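What follows are several structures.
Both complexes below contain chain A, partnered by chain B and then by chain C.
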Partner chain A sequence: MQKLREFKLPNFFNYPPYFTLQPVRDTREKQIQLWKELIIDYCKTQKIFVIGIEDEFPLFTNTVIERSLTHEAREAFLSALVSEGRAEWMDKGRRKCLIFWHRIQDWADILLQFAKDNGLEDGVVTIEEIRFGTESQGTELQGIDRTILNRALKLLEQKGKLVVFKGTSTDDEGIKFSV
Partner chain B sequence: MTGNSLPAVKLTDSGRPVLLPNEIECFFLSGVDLLSEDEPNTWFPHLKSGLLILTTHRLLWLPEAAVAASSSSVAVPLASISHIFPHKKSLKSVFASPRVRFQVSPSPERGVASSGSRSVVATVVVRGKGDCDAFVSKFWENWRGRAWEESESATSSSSNAAARAASTSSSGIYSSDGTVRMVGVSGILRKEQEMWESTDKSLQDAFQDLNALMSKAKEMVMLAEKMRQKLLSGSSSQMNATNDEEMGSKEEMQELLLSVGIISPVTKESAGALYHQQLSRQLADFVKVPLERAGGIINLIDIYCLFNRARGTELISPDDLLQACSLWEKFDVPIVLRKFDSGVMVIQNKSHSDEEVFTKIKVLVMKPDALRAGISPSDAAMTLGVAPAMAKEHLLSAESKGILCRDVSPDGFRFYINLFPEIDRDDMYLVKDQGIYSSWVGAIPAHG
Partner chain C sequence: MRRRPGIGGLQTAAAARDQYRLLGENVAKIRTDMMKEQLSTFRSQLEDFARKHKNDIRKNPAFRSQFHEMCAKVGVDPLASNKGFWAELLGIGDFYYELGVQIVDICLATRPLNGGLINLQELCNLLRQRRKSDRGVVSEDDCLRAISKLKVLGSGFEVISVGKKKLVRSVPTELNKDHNEILELAQGQGFVTVDQVERRLSWTSGRAIDALDTLLDDGLAMIDDGHKDGKRRYWFPCVSPISSLTGTDSL
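And then the complex of A and B:
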């Protein structure tokens, strides 16, 4: 809950029907819309990449009004994100959901910008450095989810902007930009 | 067209004939012409294709087109019929529409023709389907039964006959203008005692076996009606003499007798193919009072119980009730059958508007307490003055209209004003200065 306090919640977060999946179509559509925006906003500011559906995700429970989303509601809201390409189920059982608060294309652009900012247009960098190195500190790349990073790298590789080469272990994986 | 040569028949709002005291409908035939083939015919009207109803007192003819019904329905009092000709069976009659002939004598005191007219032979031409032979035998039976003589003597012996002439020209649950009669209070306990003694015998007969009960049932209903009339007749004169306690018991008595009430229940036997149609009209007339009492909307199950109780015998099945209700669409009646999304069926006034209910709900749900904690069906029930189950139906339909939305929690099932449409999807933090969203924000407790 500590994280929730830093995040400014909209007023309707204390509106009890917000936590009940609405049966009427128009109402439900608007409700889902508001949940999608809130989830994305929250993940972006808190740098959250994965939501476990049964985990104690701070947004899914409001202790002030004592309301909590049902499993069905959680799944409905996350599925809505998935169908828009802004999230992806990580397993068939839909227990974990990967949130793309930037689309893969946008992440790829951020990577290129990172290369330019650090003079790496033709340089080499390890994946470890991108995620936890000093260069990425303070940028959105800091702590990026491995799966999302791989997707963005693959996209850039297909475009010929870089080459990924494997090391002896996963930690050693590196990339060579050729922007 | 009909002139004044035959007495007119008053119809109820739903198009059922208003019957005389103790008059019972016995047979229905549709697609019937009523005319006289006499030449020259000086006064008998020529009526084409209508509904013929045989009662214990009269032969009623109602036009099939509902629009014209109130103006051109007529009756031939059985008392004015001097002869019924036997139904002739010839080779010719196999091909032609069946005809029944009878002689009508003018009797101005009953509203038939004017004095000086000569009697005519009237013909009933049955063009529609219908058991003509059964009709004829029933016609004979009723004509010979002379049921009208009983009520005529009763009317004339009534002490204040002149004053009551208007009100006694109606029957059963109906008064002369077709509305259900409100009754006064009377003081004739003494007469009641006498009557119970004579009733005792018929009661004992009635309970001997079930068949006997069925055959006595009609008499019992008539007895109840007679007693009610007696109670009525003494009401004005002895009102001041009766004390409160007596009045209470009288009122109760009246209630009991009234709820037995329907003197001439439409039955499959009497109405045949027209059963559901006639039942539907009778039901429409009956429903008015309980509907008003229930605030314009009433559960179908409640009506089923009330209606069958009023019929006393000749109970109808739930299926028949449903069919009768669904026929209302075809008639010009002020009530409709309505099915809620949940499957609950109700009868409601056409004038009953959901908008009105929704407005009330909106006001209720915008109160500060309701903004904060929502409302339950029982809260709505108190405001709307209906049963909680019915209130819930109203809330659910308000929800489906997007007025409300629900909150399901361990605390229960509650409804709130629907704020979702008020929230800006591009700026979740925006609260406009005006509108229900800002009212809601103002009503909830501030928190850090």
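And then the complex of A and C:
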């Protein structure tokens, strides 16, 4: 649990019944809504892209009130995000979940903005540079999950805004913008 | 009157009748004039008072409540109409209508969380948070007054007493005696278990489960299966407001 101190938790996180999946539909819907928002908010501020359902994810347990989400509840909340297009199961067994705290479309827009900000409208950049280069430092692209980046790139490629070309190894895979 | 014959007699009688009528009218006029004068004095005094203490009435909830009491004693309801000198002078009608609207808003917004039953105290807190930029303070008395005005709308806003606490109901669900007793019991810890209800209220288990299920279905209760002892707890957001919880603020 590193550098998480600045995250402000909502009040419901301290109310025990929110850790049990509610049987009554209306109550459950509200519960799921609150958890969805919390998960997205948290992942966004902490730059988390993948949640393992059995992992010791800080949101899944509140040690102060001694409550922990059941597997069923975790799956229900993440599934709700998946059905909204805010997340995606990474395996059939639903053990890992990829969180889109920006939708793919928004990631694509961020990439285009990145290209504009760095005068790359017609330029070439490697994937490594986007993820860890000096240009992306301090931007949301820094450390972006590879799968999510690929999705956004594919979307832009379909729109003809860039071309992805393979290098000799995965490390020097690059893209050429044509914005 | 002794009856006198002839035209002269009739004329005298008619003249006397006229005079009586005139006198009667005079007396009545004097009376109404006096009443009018008294009323206008009273009104101007009340206006003077209200004008003089305008700021106190607006800003000080305790003073406002006393002012209402005084008005009630003399049979004046400053909230009866939004027109008239009270509204013009104090904007006091507006104040309560505004509160009413905000109360409806808060009740609707928190309904999914508490099933439409909210602690008066919590309602006031939320109201204050919402109006924090606004001048003046809002007391529970003000809330109650605003809610009593909402009743006119027939929208089912009602204040009910459960134990020592006052709860504001914004849904038409009727709470029966069993439900009330459970809510009262829950005020201690914020939750109850089936065992507790049976023991403390000396009910059969069927009765307890039945009542708890109804409260659950109405969205007034939430279950909690996470405690170590394995006993299901029924929590009631309306008696232990989520906004006043203490626990971790950050991870």
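Just so it is clear, the second predicted complex is superposed on the first by the 175 of 179 C-alpha atoms of A that agree within 3 Å, B and C clash if a C-alpha of one lies under 4 Å from a C-alpha of the other, contacts with A are read in each partner's own complex, and residues count from 1 in each chain.
We adopt the following convention: a contact is a pair of C-beta atoms (placed from the backbone, for glycine too) under 8 Å apart; a residue touches a chain by one contact, two chains touch by 3 or more.
These numbers were taken from a predicted model, which means no experiment stands behind them.
The superposed arrangement places chain B and chain C in clashing positions on chain A. Of the two partner chains placed around the shared chain by superposition, chain C is the only one that A:N62 touches, whereas chain B remains out of contact. When the two structures are aligned on the shared chain, A:G160 is found in touch with neither chain B nor chain C.
Once the two complexes are laid over each other on the shared chain, residue contacts for A:F7 go to chain C alone; chain B is not touched. Within the superposed three-chain model, A:L38 lies in touch with chain B and out of touch with chain C [touch as defined at top]. A simple residue count on chain A separates chain B from chain C, and the partner touching more is C. Of the two partner chains placed around the shared chain by superposition, chain B and chain C are both touched by A:P17.
Counting contacts by the rule stated earlier, residues 8, 11-12, 14-17, 19-20, 22-24, 26-27, 30, 64, 66-67 of chain A appear in both its interface with chain B and its interface with chain C.
Interface of chain A with chain C (complex): residues 1, 4-9, 11-20, 22-24, 26-27, 29-30, 58-59, 62-68, 70. Residues 112-113, 115, 191, 216-217, 219, 222-228, 233, 235, 237, 242-243, 245-251 of chain C are the ones touching chain A in the complex.
Chain A contributes residues 8, 10-12, 14-17, 19-20, 22-24, 26-27, 30-31, 33-34, 37-38, 41, 64, 66-67 to its touches with chain B in the complex.
Taken together, the chain B residues at the contact with chain A in this complex read 374, 399-400, 402, 405-409, 414, 416, 418-421, 423, 425, 428-429, 431, 437, 440-441, 444, 447.
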